[in-house]
Amino acid sequence: MSQTLLISGPPGCGKTTWILNQIQSHPGPCGFLRLVGYPDEGLLQARDGGIDLVWLQDQCPGLLDLADPDKALAPRAAKLLALIELPQFQPPTDSGLAGVDRRAIPQLEALHLSPDAHLHFGRDAALPHQDTLDFSSLQAWGRNLAGAVWDPASLSSFWFELVNGAYGDVYRAKALMNLPDGRAFFCNWMVSREGSQFLPLQTLASPDGRPQRLSRLVVQGKDLDPAAIEVTLADCLLSDAVLELQQAPLRQRKAPPHPSPAA
Amino acid sequence: MTHAVISCLHANLAALEAVLDDIDQRGITTITCLGDLVGYGPQPNEVVNLVRERAIPSCQGCWDEDIIEGLNSCECSYPSQLAERRGHQAHQWTAEQLSEENKAFLASLPMSLRRDRLLFVHGSPNSQHEYLLPDMDAFAALERVQTADADTLFCGHTHRPYVRELRDGVIRVRVQAPTDPQSPAEREMALPVRRIVNAGSVGEPRHGNTHATYVIHDEATGNVEIREVPYDVERTCRAIVEVGLPPVFAWRLRHGFEYAERADDASHVCER
Amino acid sequence: MARWALVSGLQGDLALYEAIQRDLRQLARVDTLFVLGDLIGPDRDANALLARLQDPRRGELAPQCIYGWWEEQLLAERGYRGERRADPLRQQFGQAAVEALEQAVDPGHLAWLAALQFGFIELDCALLHGSSAAVDDSLGPDSSPLLLLDRLTRMDVNRLFTARSGQQFRLELSGGGIESQVRDLEGQRQHQQSVPQRQVIGIGAGVRYTLYDPGSDRLDFLVAGSRPQQRARGFA
């Protein structure tokens, strides 16, 4: 029997990690949808820009994209586990399905999705307990990094500065970043957890120019300084000439390299 | 005689003033500076002027050299593209600010200073760019001091102060010559006791907090004291932003991180 | 395992090079020839040798060359080393030697010489003309063990092959250690370090050359053109 779950919670509470665990332990087919989320008073939702979907599809080959309208009307596979992620700062006022944010309903209906259950981080015991933060006022900033390739050591320095407050009070940062050797990393940091995650994607690009896949940085916090971030980004990203210099020897080697992670 | 050794001032006037006050309060009149008077910090002329006014003997650091000669350190001295770009930005700004007179002063600084069996250098006797880190190979460290014909080597450049004593060293070798391959000659070399003293950094500490560091050496007892001196960090941070250097320099200084990270490879020497 | 032949100091002597190649054809299991610098010198025209090194004859081992002290002097004098000129050569042997060196090499070979490397790293061995410190570093059996250990440490290798001194020798670091005490703002720590089991090997120059078997660590110090009784003089 198929099941459709709506998972909501504030930024950085662990929604995507929980969903990844569900998909990996579900024997049948799985689908995923990330709803945009709705700004509450003074709190801006960060535009994820597809980071979660790309990361989950990389980790779980065959994962269905439930946002694809062409497939919305197609018959759903038996035993499909459909997981819908909804960023939501405040806990729902009503329990169960009655608590689903009304603003999300038209979007769900358009995609022919009707949740069987709604779980919210911090409310439902079925979800792991997290230290949920008090977000009194939150800015969000995102940067499309399509085609951008990082100097690995510079990425490490930039990320260190970013999450330690050099560009404002960052609560949450996540990104997909390209390295010159064809690897990409899912970078993930939240103020409530120790340390950053740098998880390599399974999918490698060939070291042949700029990769075509999605690459994006999303930051949430207070007093963010996007102009200063841009200045640092410009000093971290590789020019065509330097990229070619680093990729040319890799192309001569047949096998893809496996150096240690960037950070 | 008790004397003070300072290093890596990096155009940080507030830090230099605080350290000189600390030295003066102790009644110490002999001070030696191990270079890098400028670079990254906001007051290059003020710091050079103060060193000149106080007539503090200095050797030349890698930054002092680069400001005069133009950037000629190899790219490998920067651990990342970001560090390199920021270094170049700081270099360009500093070169524009420094008066011709102060540039000439930096150009006149010697690579090393010697007083009896004490040798003063910026990086190592081999190069202003070589890092003598506290955990570098003990034999290689001893070789630096021994080849330079000194008992105690004072260096800076790493921005982390330490005192290292190398003793009870011995190396045994077996030598085989083609004329007599079956009976190799054995010999043994007893190594002398030598010391390396790193003076840390006045203007850009990276030992975990923001305090300026320097060392005091008592020649009579051989004792070395590593001094930590708090200073008005915010004064320097404000000046960084006011003069138009990247605000991230102020953030790094305020948190006790170096402006650009050090090179990771302790033994690396630029092939220039 | 196949052996390496290590040669240096040919100084333009094609006849000597051909004699060594003849030796190598007669010796078993030599599959690699390293020429550790000083291909040229002021005493004879080096063009024929340089042409042969770049274009080996059939049946000869193809040489793998690095530059040595004489190449360094010529390249410096011809502007391939920035501001530096052949001042060490000038000081040691005079202006006439500088001119003789320039005479000995056709300018057409300069680009090939300039492309030669400082050294090779093969397995855990560094193959150099002088040392890891400099091309003119002359290491011999009487050099300070501390200095030799430093040169090994700089390259992080277990065997350092050097040619500059012209001597043939094997110097093995066989024991010893050092005590190190570090005090910093975090406290004080003590560390005892042992002398690593490493070797510096002088390969000789000119007629004196060396065979090395990396599999067994066996060395044979040879003289070009002598009969293979030298094999009996080798030692492991």
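As written, the chains take the letters A, B and C, and residue 1 is the first residue of each chain.
One rule holds in what follows: a residue touches a chain if its C-beta (ideal position, glycine included) is under 8 Å from a C-beta of that chain, and two chains touch if they have at least 3 such contacts.
Bear in mind that the values here come from a model prediction, so they are computed numbers and not experimental data.
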item	value
Touching chain A and also chain C, the following chains	B
Which of A-B and B-C has more C-beta contact pairs	B-C
Per Cα centroids, the chain farthest from chain C	A
Per-chain CA centroid nearest to the all-protein CA mean	B
Chain centre separation (chain A, chain C; CA means) in Å	56
Interchain centroid distance [CA atoms averaged], chain B/chain C, Å	34
Cα-centroid distance, chain A relative to chain B, in whole angstrom	44
Chain B residues counted as touching two or more neighbouring chains	none
Parts of chain A lying in touch with chain B, wherever the complex brings them together	151, 153-154, 156-158, 161, 164-166, 228, 231-232, 235-236, 238, 242
Touch list for chain B against partner chain A, complex	79-83, 85-86, 246-248, 251-252, 255, 261
List of chain C residues in touch with chain B within their complex	133, 141, 144-150, 153-154, 168-185, 191, 193, 195, 208, 221, 233-235
Chain B residues within the chain C interface of the complex	126, 134-135, 137-143, 146-147, 160-178, 181-182, 184, 186-189, 191, 207-208, 213, 226, 228, 267
